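In the two complexes below, chain A is the common chain; its partner is chain B in one and chain C in the other.
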Partner chain A sequence: MEFPVFFWAALGWMMFWGVLGSIATRYVYLHKDLDTSSTRLLGSMMGAATGPIGLVPLWIKTPEITTRLIIFATLGTLGVFMTAFALADPGNLCVTNGSFVASQISNGVIIGIIYGFMALGLTLIFSILGVVSFAHGEFYMIGGMVTYFMTTVLFPEVTPIVGIAAACILTFMLGALFERLFLTPMYDGRVDRPVEYGILITFGLAFTLQYFVQATVGANPVKAKRFFDFPRLRLPSAEDPWLIKTSRGNMELFETISISNPRFTAAVMCILVFIALMYFLRHTWTGKALRAVSQDRQAAAIAGINPDRMNMLAFALGSMIAALAGAMLVQAFSWLPQVGAIPALRSFVIVVLGGLGSIPGAFLGGIIVGLVEAAGTGCIPDPQKAASYIPAYGMIVLTLTLLLRPTGLLGRKFASGTHGKF
Partner chain B sequence: MKKALVSVAAVAVAIAFSGSAAIAAKCPIKIGGLAPLSAPGAVGGGEAMRDAMLFAERDINAAGGVLGCKVKVVIADTEGLPEKASAIMEKLITQDGVVAIGGGYHSSVGVAAKDVSNARGIPTVFAETWNDTITGDKQQYIFRIAPLSSWASATLWKAALRVPNVKKVAIVTENTDYGIPAAEETSKGLAKNGVKSVIFGVDIGTQDFSGIIQRVKAEKPDYIIVLNTGEAGYNFAQQAADAGIGPQGIPFQAGQVALESKAWWQNVPDGNYAFVQRIGTPVSTWNAKAKKLNEDYKAKTGKGAIESYALEAYDSISILAQAINEAKSTDGAKIVIALENISHDGTLGRIYFPYGSKKDPSVDGKGDEWWHQWPDPAMTMIQYQKEGELSTESVIIWPDKYKTGPAIYVKK
Partner chain C sequence: MNKKNIPQMAGAALIAAFAIFPFVYSANDYPYIMHILITGFFYAILASSWSMLAGYAGQFSFGHMGFMGIGAYTTALFSHYLYLTPVPTNLCTEFPIGDMYLIILDPIGITSSTLTQDCLRQALDIWDGSVQVTPMPVWLGIALGTMMGGIFGLLIGLLVLPLRAAYLALFTLGFSEILRATVSAEIAVTRGQAGIELPYLFDNGITLFGHQFDKTDKLPPYFAMFFLLLACLGILTWLAKSKFGLFVRALREDEDAAAALGVNTVRYKVLVFVITSMMAAAAGAMMAHYIRIISPNNLIILQMSLVVAMAVIGGVEHFVAAALGAILLEYMLEYLRNSFEIGPIVVDMTTWRLVVFGILLMLTLRFSPKGLLVPMIDYFKRGHVRKETMAKRNAENTP
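What follows is the complex of A and B.
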């Protein structure tokens, strides 16, 4: 960094006014007997973005805090931060190289979609059962393993869809079976501490699945073949393919953005399944029943919905979603029994960031984590450290979000569970 | 009263014989064998080392064992993690009762493990841990038959200098006790010869390299050196290949995991033309012991050939067995003296340790890292030049002493 003092001074200024804005705005709104639920977030963002110029009018006028106002202040903060960074490090690739920035953004969005998709399953389980499944990473691993064995070892000629379908069916059944056998004590008062029981029993499942797979298939990394090759395209012409250029394993857009085939396939599949899942939850009776149970179990039961059956469905569906993410990524990453640990950890971060129990929040959280990781990896000046801190980037965003908005980005203040209110 | 007298007599007899382990060695004699058998360690490498150490156990016992006892190699999974290594060393020594320890793959594991074995007085011969400080701390009980990181790095930068028109090298390394020193040594060697380098550090278990690959690409390097162990080595290579800067897009030196040929071709189908550093002499110069082990290993594992680190693991156990026999004792200090005087005909060649308590490395103007260090491990650079070929059958492109064919440098 060319002018680190400038950058740190700017950051210090933003932090000072952010902290002051967070504390003082809440106090002002409280003093005027107004809703204070989002005052910390708005005050800190407004303070960081504009300092006293924006804060003083905010304190005087105390307008109603809308989503639009928060977004405006957040974008302002990001703008000021990026400007300070660009002025402090004018030679940085993220400042000088537009193609590089576009590539990093596309990478961040694509991996964010995949992260978000995996986190969907976790948030679905939490919103219905009120338990965080610590076996989520293992279902992800099993999804990949089943697909690998189906498409590469057992039936190499078969279409990858068969392998993916087999992974989904197997994990759905496994999830349903586990829920029936081990999670039902949470609902009927057979255990005194259902939350702790849920954590421990899913931890147990995680270890069992991981070491079962290690014992049966070994711990060597494996990988499925690419599901399909890109057709060879050169548009608008073979001589000057500025719009799109593809090889078997890669796609290049606008001679700028490079997307690998497995990641592209995985991201497209994740979006399609996400749309299907949203349709299922919003427009089918079963989906509506699931949502009803997530909002109020007792009321749902009175309306004729069997909450226990919804529990089973939610756990099976959530586990299947994790497995589907794994099934799509086994062609992109080397796969082994421990492969689920890092994605599972990231999913926990994402669901808390997006708001526990919120499905759109999980998707949004995934994309934010993906973008922040891409920005950190691409822009931190020291290349020896930039990628070493990847796991930390998401945690920083999570910590800041929880400080300013404890319910997460799109979370509800109260989420119901099988064992009462949180 | 009678009972008390019997007890006192029993204790007296026990004390009298406790100093004579050669007479009263507890059978079987146990030797620990360190190997990463779970992620994030290099599992493929660990399994190869485990198999080789068990072959060593078989061969030692077939030759009559040690001090009249059978030998039992107690395999311990380090997971490639230093914190696990310390715990597993304590377990091997205090619970399993091993009298010496061999094996070891990851440097970070070696760095953590050496302090435990030295504090407990258990002789340890590290097989594949490269970090200079492992022997550089001049600990009494620590020996090594793997090359030093600084020697291995010299192979890397010297091989890089042979790439036509090389001006800039990207080094992608795991941020561990193996990766960071190796990357820095390589970078220094390149700088001395007027070649720029950029080091990219990554976490040991990283799966998604897309961001860092874009950054490597933006540097427009003429050569890429990868110093990642475990599945991260495969992930980076294939993802780089997808982005056009893999082994077929740019001269590319893969990590050690590429020596696991079967896993390499499965995980990196676009991995042809990758260069790989290989420890140990070329197959054509193997001695009878190495050839026999190779045949046994192939028959057991179904692999095409034994890996270099498996040979090292085998020798690390065999040399300890010989040292215990020559020491006529399982006492740690006596085994150390035997190791300092040893001449062991292993699969890697004659193994000996010229520097130690008898002769300090400084006497010959050598650095501390030469302490209890075997000075002759062979290092070569090979290149995969046919899809699916075995690393042991690949072309050796450097050094000239072992060269079997010319390198193919892909055009960017």
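What follows is the complex of A and C.
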């Protein structure tokens, strides 16, 4: 970085006005007896973007806080931050090289879709059982491991769909079994504090599963072969009469954006499964029952839905989704028994950012976190450090969300079940 | 003998047994057993302070190992980067303190020793042995580490004030992950994955009971850790028995109700964070000086899982039981390390023991949520109460 002092000074300025804005705006709105629900977010974003220039009119006029206003202020903050970064580090690849930026953004979106998909499982479990599954990362890891063994070790000839299906069936059954054996005491008051019990028991499951896999498979990283090859389109010619040639390389768009094959296929499959899942949730009886239980447990029970069975289904389904994400990413990353920790943490961040129990929120949050991570890894000057700090980027997002908008982007104000409420 | 006093007497007997154990035990594996016990005491401090935080106050924080790491890294960096010399080096950043100079080494990380040397080593080459360099006292480092743990506990405590249950667990887990990432990324300062080395706990040896102990002897660190454990348990007992314990338990059961009844929830929530993180940091600082190296691997989630499992299996709402559980389970973990063979299959127990541990944790939670040791303690105490009430009832029924 060429002018670090300038960058940190700008950041300090933004933070000062952001903090002041979030506190003072809330105070002003409270004083004038207005709705204060989004004042923290708007005040901090307005303060960070414009400083006193925007804050003072806001305090004087106190307009009704609309989503549009918040989005404008947030975009302004982003713009100011990026301008400061570009001015402070004019030689950075993120500032000078447009195709690098385009590449980072497209990769961020693609990986964000997969993140969002994994977080979807967690939000399903969270909205129905009211439990954060700390074993989510372990199901992700198991999904990848099973797929690796099915496609690379046991049956190398078989289509990868079989491996993915095996991973799904296994984790679905494992999730259902665990829920029946260990989570049932939570529902009928047999444990004093069900939320804490849920945290601890899934934590124990994560620990057990991780070391069970390590004991049976070993701690060496494994890598599955990629599932599909990209078709390469080329005009037929005399020496090459076929229209379609396969290629193992990356996809190049407009000769600037490079997208790696495994991630792209994973994202496409995630979208397909997501559509299937949405159909299941919106158009089948079981799916509707699941959503009903997540909205109001007692009312659903009165309408003839067995909430306990929905608990089992939700946990099994959520675990299966995590495993599916793992099964698709096993072709992109090398796989270890410890591989689940960071994706699990990331899923939590996405769920909180998107809003509890919100499925579109999970996808939006996933894409945002994917972009933030792509920006972090691409733009921090020291690449080794940038890679080491990957868990920290998500945590910054989480901290900001919890401080500024605890309900998340698209979150409901309340949900049923024994949630860890605020 | 009163049945109610049995747990207390057993506790006193146990303390006495641990106190005389190093003097009477003299088998070949003496250093090994001592090492297990020191590690056991270390985990006992962590498990008992975590049980205060999670079991008493209901704050399920997964950042306890992070506070341990803050204590350990503070003392490691303190002893690694600060020295006292009588003459200025004119190479390092230095401040005069009295007639000495406080030298702050420049962080160079892991570099080839032939290419770059830190400024003090260059100065030593120039002086050629004519100047005596004094390292910082170990105890000051441990005290600083404890304080730093308290400061971070205060910050984290303030940050997590509005968070409950799952949010708190996630946030603290993230905090500990960020800490681990920072330590592994800032290689120039912390040496990253290679870990940073520390001086011995008693660098010049120590004379105890009229016997000169070498710096590598296990007995002085054994008693240092043992007394730290006793001090922590003493403080925790005192806190639990005082108003603090009552308020903190009220916080656990219903924060809103506690606040409505006049408990200053903010103060007690932050206070319990500060106290328990100071204990974790003190344990971490002392342990780091005993094992003499601290690396980011000491901060991984496995370590936190071990502490949680120990506390839960001992009894998460009873910190003495949590401490005992930690010592027992640390011994069990070491005992299970021996691999064995079933016919042609070699079972590598170094990993399987952790699986056993995880299953034990889940079964304990499911079938005996109070832990395995607490029901035993309760048996004696409750038995007494029941007898007394029965006697009272009998007396009332026979006028």
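To be clear about the criterion, the second predicted complex is superposed on the first by the 398 of 422 C-alpha atoms of A that agree within 3 Å, B and C clash if a C-alpha of one lies under 4 Å from a C-alpha of the other, contacts with A are read in each partner's own complex, and residues count from 1 in each chain.
We adopt the following convention: contacts are C-beta pairs under 8 Å (C-beta built on N, C-alpha and C of every residue); 3 or more make two chains touch, one makes a residue touch a chain.
If you're wondering where the values come from, they're calculated on a predicted model, not measured in any experiment.
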{"item": "Clash or fit (per the criteria above) of chain B with chain C on chain A", "value": "clash"}
{"item": "First (chain B), second (chain C), both or neither touched by A:378", "value": "first"}
{"item": "First (chain B), second (chain C), both or neither touched by A:292", "value": "neither"}
{"item": "Which superposed partner A:203 touches (first chain B, second chain C, both, neither)", "value": "second"}
{"item": "Partner chain in contact with A:95 - chain B first, chain C second, else both or neither", "value": "neither"}
{"item": "Touching partner for A:271 - first (chain B), second (chain C), both, neither", "value": "neither"}
{"item": "Which superposed partner A:352 touches (first chain B, second chain C, both, neither)", "value": "second"}
{"item": "Touching partner for A:398 - first (chain B), second (chain C), both, neither", "value": "second"}
{"item": "Which superposed partner A:34 touches (first chain B, second chain C, both, neither)", "value": "neither"}
{"item": "First, second, both or neither for A:191, with chain B first and chain C second", "value": "second"}
{"item": "Segment of chain B intruding into chain C (one of 6-14, 42-50, 60-68 or 78-86)", "value": "78-86"}
{"item": "On chain A, the residue positions that both chain B and chain C contact, one per complex", "value": "214, 219, 341-342, 384-385, 388, 390-391"}
{"item": "For the chain C and chain A complex, residues of the former touching the latter", "value": "54, 58, 60, 62, 159, 162-171, 173-175, 177-178, 180-182, 184-187, 252, 301-302, 305, 308-309, 312, 348, 351-352, 354-355, 357-359, 361-362, 365-366, 369"}
{"item": "Chain B contact footprint on chain A (complex, rising order)", "value": "93, 97, 100, 103-104, 107-108, 110-111, 214, 218-223, 225, 247, 249-250, 258, 260-263, 332-334, 336-339, 341-343, 373-374, 377-378, 383-388, 390-391"}
{"item": "Contacting residues of chain B [partner chain A, same complex]", "value": "37-40, 43-44, 47, 175, 198-203, 205-212, 214-215, 217-218, 230-231, 234-235, 238-239, 241-244, 260, 263, 266-267, 269-270"}
{"item": "Chain C-facing residues of chain A, complex", "value": "126, 131-132, 134, 181-182, 185, 191-193, 195-197, 199-201, 203-209, 211-212, 214-215, 219, 341-342, 345, 348-349, 352, 384-385, 388-392, 394-395, 398-399, 402, 406, 419-422"}
